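Structures are listed in the sections that come next.
The same chain A turns up in both complexes below, where it pairs with chain B and then with chain C.
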Partner chain A sequence: MDFKKGNMSLKRLLFILPALLIYLVFMVYPMVRSLIISLHKWDGLSPEMDFIGIKNYIDFFKDPVSYTVLKNNLLLMIVLLIVPVILGLVLAVALNKKLPGRIVYRTIYYSPYVLPMVAVGLIWSWIYDPMFGALNSILKSVGLGQYVQGWLGQPSTAFPAILVTIIWRSVGMPMLLFLAGLQDISPQLYESAEIDGANKFQQFIYITIPQLKQSFAIVISLLIVGSLKQAFGIVYAMTWGGPGRSTQILSVWMYFNTFLYEKAGYGSAIAWIMTIIAMLIIIPYIRIMTKNT
Partner chain B sequence: MLLKERKLLFVSIFALLLPVIFFATNVSAQEEVELRVMTVWGGEQKEYLDDLFAKYSETHPNITVKHEVSAGSGAATYQEVLKTGLNSGTGPDVFFEWAGTLSGTIIDSGYAEPLDRYYEKYNWDDRFIDWSVGSLTRDKVTYGVPLTARGMTFWYNVKVWESLDLEKPESYEDLEAIAKKAKENGIYPIALGGKFNWMTMRLLDYLIEVTAGPELHEQLNKLETSWDRPEVIEAFSLFKKWVDNQWITPGFLNVAPADSRIPFWNGQALMIFEGNWMPPETEAAGYDTANLNFFFGPTGHEPLRITGFPEQFMINSDSEHKDEAAEFINWFTSREIQEANYGTAITGTAVEGVTADPEERPRSYQFKEELVKLKEVFPPTDQVFKSELLHEFFQVQNGLVTGEFTPESGAEYFQEQSEEWKENN
Partner chain C sequence: MNNDRLEKILLYIFLTALLILWIAPFFIVILTALRTQNDLLTNGVFSIPENIIFDNILNAWNKGNMSTYYRNSIVLTLLKVPTGVIIASLVAFPLAKWKFKFKEPLFILFLIGLAVPIHVTLLPNTITLSKLNLLNTLPGLFFPYIAFGLPMQILILRGFFSTIPNAFLEAAYIDGASEFIVYRRIMLPLAKPAIAALVIMDFLATWNEFTMALIFIHSEQWKTVPLGLMGLQGQFSSNYPTVMAATLVAIIPVILIYILLQRFFVTGLGGGIKG
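Showing the complex of A and B:
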């Protein structure tokens, strides 16, 4: 036996053991436990759980509310993958130049991203307040009083209002990541392109975008996860999934079922459905984007 | 001194000191108890309660009361925080709860200690308003001690009321006439905050009491009769009338209940449907309680009933300090403590004979006087139905506002949901 090699393996294990333990206890165990719970009927409080197999998963796809929830999440994901990405990229390109006060601008555009989701939701709830909110007040003051309405109090405007809030909050992260990516691009590429007669737009399309491939991979992955997970705080604070269930999304619906409807098994199944959806989208995407790197 | 005498001397001294040693060790070994009490009362009331709970330790030196409050919006997250704590074995010793189905799961799961032995020990049956204890008894076992006897009804802004030259309604039709007059004068008849559904529910519950009457309302609540019936459709139609006539503050479906008080206090809305916590809440918000008054919504039925419910303390069945918990509850609900702290730490009481000072807090005093005259109250719907079915009720309630449901389709839908729920539970 090579005693030295064995000793080295043991040393390695000892070094990673603390982090591994934390990972196992706080990440792996809850995941496994929630998977087990999802196979049971349980109110979240009683000592006993009734095993029902995959019935919770089947019931999810039989429930008409699930389609509202999935539709809202899909819309949220599409909007998040387009608007903050484009806005973030435009801002990053603009702020990559030597502008006076660019640090201040970067701070301003990034700061919504560091605010807690619930705080963002509460701030925007007040902006949208039908009687005292800034939005309706501004509309009245500029002669557009006919557009005053209860933005969050009617299904037709509640979800679009939430999308605006989420976009506002989300732009900072892509901007920052694209900015970092832009600063890694060699200026010589642009110089060569200019010499070859490429204009600014062509340089952007043929140099900037391809060179930001890694940044796109990270931004889009984070936005997909964000659409499934992070939007919870905003929707919960702004509309509580209402009016009716018109702004329900997977994460809030999971919360409602687990804690309000006392269907912890069903709620856990929704959590796993969210996880599977995220994995089905992100894993192939990252594989494609990181191919040949 | 001879050895024998020395031994005798030492033994005698030791014998004399023995009681002292025993007493000293007994006192120092007396268990220090931290009694965790969880409530839903935040803000200024929490500060008053913290001061009050600290006084408990003056008469019970080995007990420290630790007051825990669910952060944030209180009522909206409290249940989840409490249940998570109970389930994970970190629940408090004593906890606040509402009555009915809101605490039902806790009882069903075995986390609520039966309290009949303490009722006997402390003679609690003679202490509280009758209906408040009755609401906390299930299958002849009592699981809670009433803290408050709450009633919910129409409160009005006195200045606006008097400016419109209004009188208290004797009938539901009078109430509609009041709403119409307010609206004609540019005042919203009623402010509601429908974000969590339960505030809107209060108005709908009242309308169901109007159209169905006490007996049928009880049968509906127990699912002993169909909800797809004319009386329910009529109640839904009346509710829709309030919505369509814009008698409710705009965009109310997504206004938080606490925020809905602002137009009421500012005089932009005439009435609000709230409970007997309104006078202290009004005072805490810096408004004049002299500008606040109430009437019980007329129903046209006998007996007149309003929405009412007790709030309670329960004891965690996993607690290691059940006796200390009961002793604390006995102290907190004693007449002496309730009277001394009414209006500050305590905003409503279920203790018989305890009222607010009629000079200092006339509205609270008046409300209690009127409340105890009532023969019975009816529980709010969110204490009647379990969460899953309740949220179908809220779907109909909100759908009547958004147009998703007509009164007829809403009644039909809820009856279908009730039948499905009964089949599965």
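Showing the complex of A and C:
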């Protein structure tokens, strides 16, 4: 058949070129250029750049702020891998039953996931407001007035407060993906397990969990990559990395260095550290996707 | 007592408690946005508003410039979403159905984009856009947005196209149809569910995008909704009703689209997984 031949006419190239051109100019080229910038000392504006090899990367690992930043990113990733995964799975199993009203539940649990990050950040900043916020109002009205505090204004509570916000936003995503996975499990598996005398818990451990393997792979990679990329708007809107550097994360710290402190080389090195982490996580996922076909 | 019934009741209690936690922030936004600052500060967030007023919303819309941000976001979304999905579907067709050199590397090149944090491209793209005189313009957002939408869209569309039997295509080629006719008359119509899901997901992503807008747009007149909302918070910082009214205005389109079209969402996500 003609369409299986290997040659490429100009007409056929027109299918590929628009996507390829835009992708090369605005994605591939900037990545390479950013890697080059990261090997220089540069303010981001002046015509000269000093080549300094991997000094920016070494400086990053020498700077004590980097440890706060990495610790926060790691904490964010671990919390996201525990709370939304478990809660999402529990909700998916519950809502997979024929409960009346389950669509309403599903709709509401997922709804924060469609909001702009900045909106999520502003809504929760208002909830945590020290003077009039909803959280402190509730604490006062139930007699826990001694716990009233400026949640985002002190290092001890600011990052946990951000984590709660991100959990609220994220739970719906794994729930929806697990629900899709559950609907693909054949009911016969459960029927034969029932005949063999397996109880509900055993069925969950030996049938449900293994059958959801693919859903788990997708949920976990999306959450890990999301933990690197998506917290930007929330942290930017809620704390701007403060108080001090206590809620600083890689993406916001990269932005500060590149665009506010005129340390373009150093900021680019941070961006590349993020990229390398994300690549290491996503490559196994890409291999699964390409092997399937 | 019937064990099944007890289990069901406990399940409902758990689900409902969580539901209240999940929906409360939305109520807080509405309860704050529709009352006066005075009423809020004297009676607290959880009291019933003395009067339901829409002044804050008008304030956010006019003085807060929400009308300008809306115009920009609508124009950008209407142009970017269809263009991006069409460009992705054009390249997904060869990736699914043709044989050519570098097919596999090309697909992998696009997939790598799934992992790239936009942050790594921000500074180089600022330089490129300023050379093209596109910095601080809506077209300056249009091209990078397309580039970042492509990987997921290509992955999903290629998956859908692969499931279309080759026999359909062969029959068309025998009848003398060109590649474009096959794409337009066979591939696109059969991939409708995937395209609908992608359009909706891309609408949300475009409407919500903040990071690139923050770096590439500086003037008030070209700000998109999330960027404008952030600036508005600075301008009205302790006027909570106005900030929450602006937030409400900013999220209404995504909430409406989500509620009205959510069935496409589930199928779209599912289609993406099965690839």
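As a convention for this text, the second predicted complex is superposed on the first by the 266 of 293 C-alpha atoms of A that agree within 3 Å, B and C clash if a C-alpha of one lies under 4 Å from a C-alpha of the other, contacts with A are read in each partner's own complex, and residues count from 1 in each chain.
Please note the rule applied: a residue touches a chain if its C-beta (ideal position, glycine included) is under 8 Å from a C-beta of that chain, and two chains touch if they have at least 3 such contacts.
As the structure is a prediction and not an experimental result, all values here were calculated from the model.
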Contacts of A:Ile209 with chain B and chain C, given as first, second, both or neither: neither
Chain B versus chain C as contact partner of A:Leu74, first or second or both or neither: neither
Touched partner set for A:Asp43, first chain B, second chain C, both or neither: first
Per-residue contact with chain A, leading partner among chain C and chain B: C
Contacts of A:Ala158 with chain B and chain C, given as first, second, both or neither: first
Which of chain B and chain C A:Leu144 touches, first, second, both or neither: neither
First, second, both or neither for A:Ile218, with chain B first and chain C second: second
Touching partner for A:Gly242 - first (chain B), second (chain C), both, neither: first
Contacts of A:Phe259 with chain B and chain C, given as first, second, both or neither: both
First (chain B), second (chain C), both or neither touched by A:Asp129: both
Set intersection of chain A contacts, chain C complex versus chain B complex: 44, 129, 132, 259
Residue numbers on chain A that touch chain B, as the complex places them: 43-47, 125, 129-132, 149-155, 158, 238-240, 242-246, 256, 259-263
In the complex with chain A, residue positions of chain B that touch it: 79-80, 83-84, 86-87, 105-106, 108-111, 194-197, 249-256, 259, 262-263, 268, 386-388, 391, 395, 398-399, 401-402, 404
Interfacial residue positions of chain A with respect to chain C in the complex: 1-8, 11-12, 14-16, 18-20, 22-23, 25-31, 33-34, 37, 44, 91, 94-95, 97, 99, 105, 107-112, 114-119, 122-124, 126-127, 129, 132-134, 137-138, 141, 168, 171, 176-177, 179-181, 214-215, 218, 225, 228-229, 232-233, 236-237, 251, 254-255, 258-259, 264, 267-268, 271-272, 274-275, 278-279, 281-283, 285-286, 289-290, 292-293
In the complex with chain A, residue positions of chain C that touch it: 8, 11-12, 14-15, 18-19, 21-26, 28-29, 32, 40-41, 44-46, 87-88, 90-91, 93-94, 97-101, 104, 106-125, 127-128, 143-144, 146-148, 150, 154-155, 159, 162, 166, 169-170, 173, 178-180, 182-183, 204, 207-208, 210-211, 214-215, 225-227, 229-230, 233, 240, 243-244, 247, 250-251, 254-255, 257-259, 262, 265-266, 269-270, 273, 275
